[in-house]
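Alright, structures below, take your time with them.
One chain, chain A, links the two complexes that follow: it is found with chain B in the first and with chain C in the second.
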Partner chain A sequence: MDYYLLTMCVYVVVGIVACWGLNLQFGETGVLNFAYILFVAVGAYTASLFSLGPHTSASYQQYFWGTNLPWPLPWLAAGAAGGILGLLVGLLVLRRLRGDYQAMVLLVVSIMGTYLVSADPGLLNGGIGLSDVPAPFKNQLHTSQVGYELFYLGLSVVTALVIFEALRRINGSPLGRVLRAVRENEQAAEAVGLNVPAIKLLVMIIGGAVAAMAGAIEVQFIGAWAPAGWTYPETFGLFAAVLVGGRGNLGGVALGAFLVQGLFLEGTVLLPNFGSPDVIGAVQWMSLAALILLFMWFRPQGVIPERRRKFGDNEAGALHGLLPAQGLARVARGPRA
Partner chain B sequence: MNSVLSSLGFGIVTASTLLPAAVGFTLQFSATGILNIAFGAQMTFAAFIAYMCTQAGLSIWVAMVLAGLFGAVTSALLNRFLLTPFTRRGTTFFGMVVVTIALALLVEYAVELTWGPLPVSYPMMTSGVVHVGAMSFTRSQLVVLAIGVVFAVATHALLHYTRAGKAIRAVADNRNLARSSGISAQRITDLAWLVSGLMGGAAGVMLGLSLSSVSYTMGDTFLIEIIAAAVLGGVGQVYGAMLGALVIGVLLEESAIVLGGAYAPISAFAVLILVLLIRPTGILAGAAKAKGVA
Partner chain C sequence: MPENSVVPGQPVSAAARPVPGSQSGEPLLRVEGLTVRFGGVVAADDVSFEIAPGTAVGLIGPNGAGKSTVLKAIGGEVKPTSGAVFFDGVNLAGHPPHVAARHGLIRTFQLSGEFGRLTVLENLLIAVPRLRGQSLWGALAGRRWWGAAQEAEVRRAREILSRLDLRHKDNEYARDLSGGQRKLVEIGRALMARPKALLLDEPMAGVHRSLARHIEDALKALRDDGLTLLLVEHELASVERLCDRVIVMAQGRQIADGEMRQLRSREEVLSAYLGGR
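This part shows the complex of A and B:
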């Protein structure tokens, strides 16, 4: 049971980090990145390649390139890869296409990615996916399985906190105001001289890097990564989490990730068995869908809505940091309790 | 060369399935401005209704008509009682995308719960092969092709030669102007969703026939090809969707021959993205605007 709870905690942390990156794009800037899961996948594959070691003819799985670097490096490489992909995809779709076309082309890009990796077994072991991705420090630490999981949870929470602080600062900075200006009214933002495509490109890069970090944390924990794990509906699961929690609010988004990714998609395994796995899966997705519909109807602003930002007084500035932090604390306490 | 020609035949069959679906999808978008992600799931639902009818002993063609009607009615009801209330509450364009995603999940997994996760297939009629030059078709493929052509002609006739069709174009072009010239926008929107639901339902059965199996994820997978066809032609452009369906359908099958099956969707989507980079609003956007076609 401890084992399962700890596993779920790591999944929730991964979900929270992924949702924060999506929140920067969708919640703060209004970019509808339907290829988001592709960035998570690129991070996971990059972290795998940077920890699996060079490919030898003896190994049972194929990948085009690999090396073995110590812990923080695979994660950082994943972040860099996510950023680069964000740059490439952003350059492709953001410049010329209208908003609704952008969204649909991104969806198509996401599916192309899945097809491409599945089609070519030499690239990343095709549809079977990579497995036996080494976990950081597992051989150096001689602990029990539960002890190691606790250690890994700590590692991912610390990383998540660093990302949280970075995103919080972006949101509170002049750049954050620029992002919200683009979200609220693109034409107006352009009229006051903001370079809207460049700003969107920037959030594609930063958000992509955050997504890739989430993927890296996940892959080194579960040790395997295959195309079936990052099909395009996964992106919608993340969008649902951001909407339920409250877009534009880091604490709210974290709560949403906990509710949707943790309780709904992982936590239902804890329920007593009431049918075959197919039935449970179907009920899970249907209740998630019903939850989204209810939220869109009754509380479109989410559980913890975005705070109204004020000019001038310093107290508002102090409050600014406090509220999302409270939200996070609540989430962090949730799964441990 | 022969294989290229024969796969052209398959391409045309795929295009005939894609055509009503893409036209229905784009009609919904032009009538209500909603990007209906649940379209694929609705297709699957209708395909399973047809399966149920064939199990009850009806012929597949009767079943297809019933599935089309079922698709039409559910589509209109969904728009009237779920989507319209959401838009009335001021849900944004992207919010509506999320609502239809949730709807797609609900429908898809309801279908899985009802009919199970394993694919089923329609009872096929006696399969004779018909040769047309280097292309060869099975009989059901020929019927699918014919239905596709009928849908194309019927859509054209509806939009150009009937009052209701002209009203649909008027509402799509400018809702307020249409209302002030005495068109009941709500009724016309219902009609547009009825028609598009009919096309989606029929396309679901046609897809089941040409894949020779029906599974609960079928529409979900096909949705991407529908979106590609609709986007290629220019979203909201009915004739663009027809052209897009033809291009995407043929591309899918041709690249399967030239590059191998696994790469077919990749090349089709790559062409879509390339075209959009050159013409960001789809192939027909400019031409259709000039002619005032919905």
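This part shows the complex of A and C:
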């Protein structure tokens, strides 16, 4: 297979995994996490630190700490770091603020993160970023570059499938229904006994862990990670994918990630050069913004909408008399009364 | 308690109704000196009353009287500035709404309170307390862990929907129902939580007359089954038919408490409603 095509496939898998995590937060629960790319970055940096080895004075790059652990430990550590960050950011943002203010604070947190890492070279090599991040099993597998890329794609797909299965179970379970209830009406969800801040905190943790896994997959593939790659507009690229594909639908979101992260963003790169060198980048972001607007106006449910959960017909509850409301409280109390 | 108030339990024929799990004579809900201030505005001023188990009490008054504020403060949506809300012996004042709900005090909303892009049946299932599969580990364990428990609740939800004449709508999105049907969904959802009492904020407001009557019948049936109701409602004829007792509020203060027919001739009640008559 073509080297470029394989690279694109890995990027698409990374995009799909990242979008699934965002879908859990935004698509299913309605949490506008405008700091989402920060979680991807934390995963990438954590996987780097857990595979680069200890920092020495002879190193050409600086980082505050490092070790060299075999796969899958760097990816698992990344997931844990994303979950912990989700917990911390969630505790900071979710408990006291309303939804729209939460989104604003999260955006600010994302910008702060980029500036913090860029400003201190001793932390994660500043604006230059980390490079030469080892790829898992590359030294053990004596294969061609294309062969290794094929192997890495397989590793990524297997990891993505494990994440998919976990998210599919959540999505189809009573917990998934609870998340969608929070998305639809937080006030009503509280009124029937759901602890909304705790539920949102849970999806910040899980979604953060999934985002971080995406970052870990990406960094060990490309071998480098720098702040320029995770500025806040990147979050909107992921939001666009979720909106286009169909929020709340894992298959739709995967399609959205393929269309937006794969075809759309890469497609604009293939445009012929015109004007100044920055024009193509500007066209890319403007096209993305136009795509979001078009879908919000004409197809807000996305290409593959969230499916309606229908329950099979069961006549067990169909018995009722001429006075339908009578005995309502007895039914309501049910078998546990 | 205001002068001339009716002692809770006295005029209430429903006190004799069998109420599972309640101790006779003890109020289920006791509001003591409830005050809610928003900046300089006193929305509720030293409101106190008791509600016996199995009774239906109406909270009435002109617009801006503070009725909904009192209801929200009892349900936990608004934090009272001072006062206490004892429900089944527990002071819920200042606790968030989900704590009140977990104690069996469920609120419905004046405006749309449904989960729009959930089906009617899903709307009801949401309220089931501690349903298997609602935790992360339960969800990850898969359908084999929570499927049977959910199936039992689906059957119960369908029974409730049947009795609310909504059985045929069970797989429709709640947002596609009429306003009155949404109110019924809210009532059904509240019942799924196995409540001890319902706080109903204008359950018949903006609803077609025939459906309003249907809602009223459903609430009557609940009252007759021994469920405690506190409702804010402007439709006084419905309140009279439904409630054992009414509390009248005006300008944040509780001005009367008693049976509707006794209160009809009270000067302060007429004045509050008709503006200085």
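Here is the rule we use: the second predicted complex is superposed on the first by the 299 of 337 C-alpha atoms of A that agree within 3 Å, B and C clash if a C-alpha of one lies under 4 Å from a C-alpha of the other, contacts with A are read in each partner's own complex, and residues count from 1 in each chain.
As a convention for this text, a contact is a pair of C-beta atoms (placed from the backbone, for glycine too) under 8 Å apart; a residue touches a chain by one contact, two chains touch by 3 or more.
Everything numeric here is computed off the predicted structure, so don't read it as measured data.
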(Q) So in the superposed three-chain picture, is A:Leu87 touching just chain B, just chain C, both, or none of them (first/second/both/neither)? (A) neither
(Q) Going by the contact rule set out at the top, does A:Arg169 touch chain B (first), chain C (second), both, or neither? (A) second
Q: Please indicate which partner A:Glu190 is in contact with in the superposed arrangement: first for chain B, second for chain C, both, or neither.
A: second
(Q) Touch test for A:Ala224: chain B only (first), chain C only (second), both, or neither? (A) neither
Q | chain A residues within the chain B interface of the complex | A | 26, 30, 32, 92, 96-101, 103-105, 107-109, 111-112, 115-116, 118-120, 233, 236, 239-240, 243, 278-279, 281-283, 285-286, 288-290, 292-293, 296-297, 300
Q | Touching residues on chain A, where the partner in the complex is chain C | A | 166, 169-170, 172-178, 180-181, 183-185, 187-196, 202, 206, 306, 308-311, 314, 316-320, 323-337
Q | chain A-touching residues of chain B, taken from the complex the two chains share | A | 35, 86, 89, 91, 93-95, 97-99, 101-106, 108-110, 112-113, 116-117, 220, 224, 227-228, 231, 235, 260, 262-263, 265-266, 269-270, 272-273, 276-277, 280-282
Q) Given the complex with chain A, which residues does chain C contribute to the contact? A) 20, 75-77, 96-98, 101-102, 106-109, 112-119, 121-122, 125-127, 129, 131-136, 138-143, 146, 150, 152, 154-165, 167, 170-171, 173, 186, 189-195, 214, 217-218, 220-222, 224-227
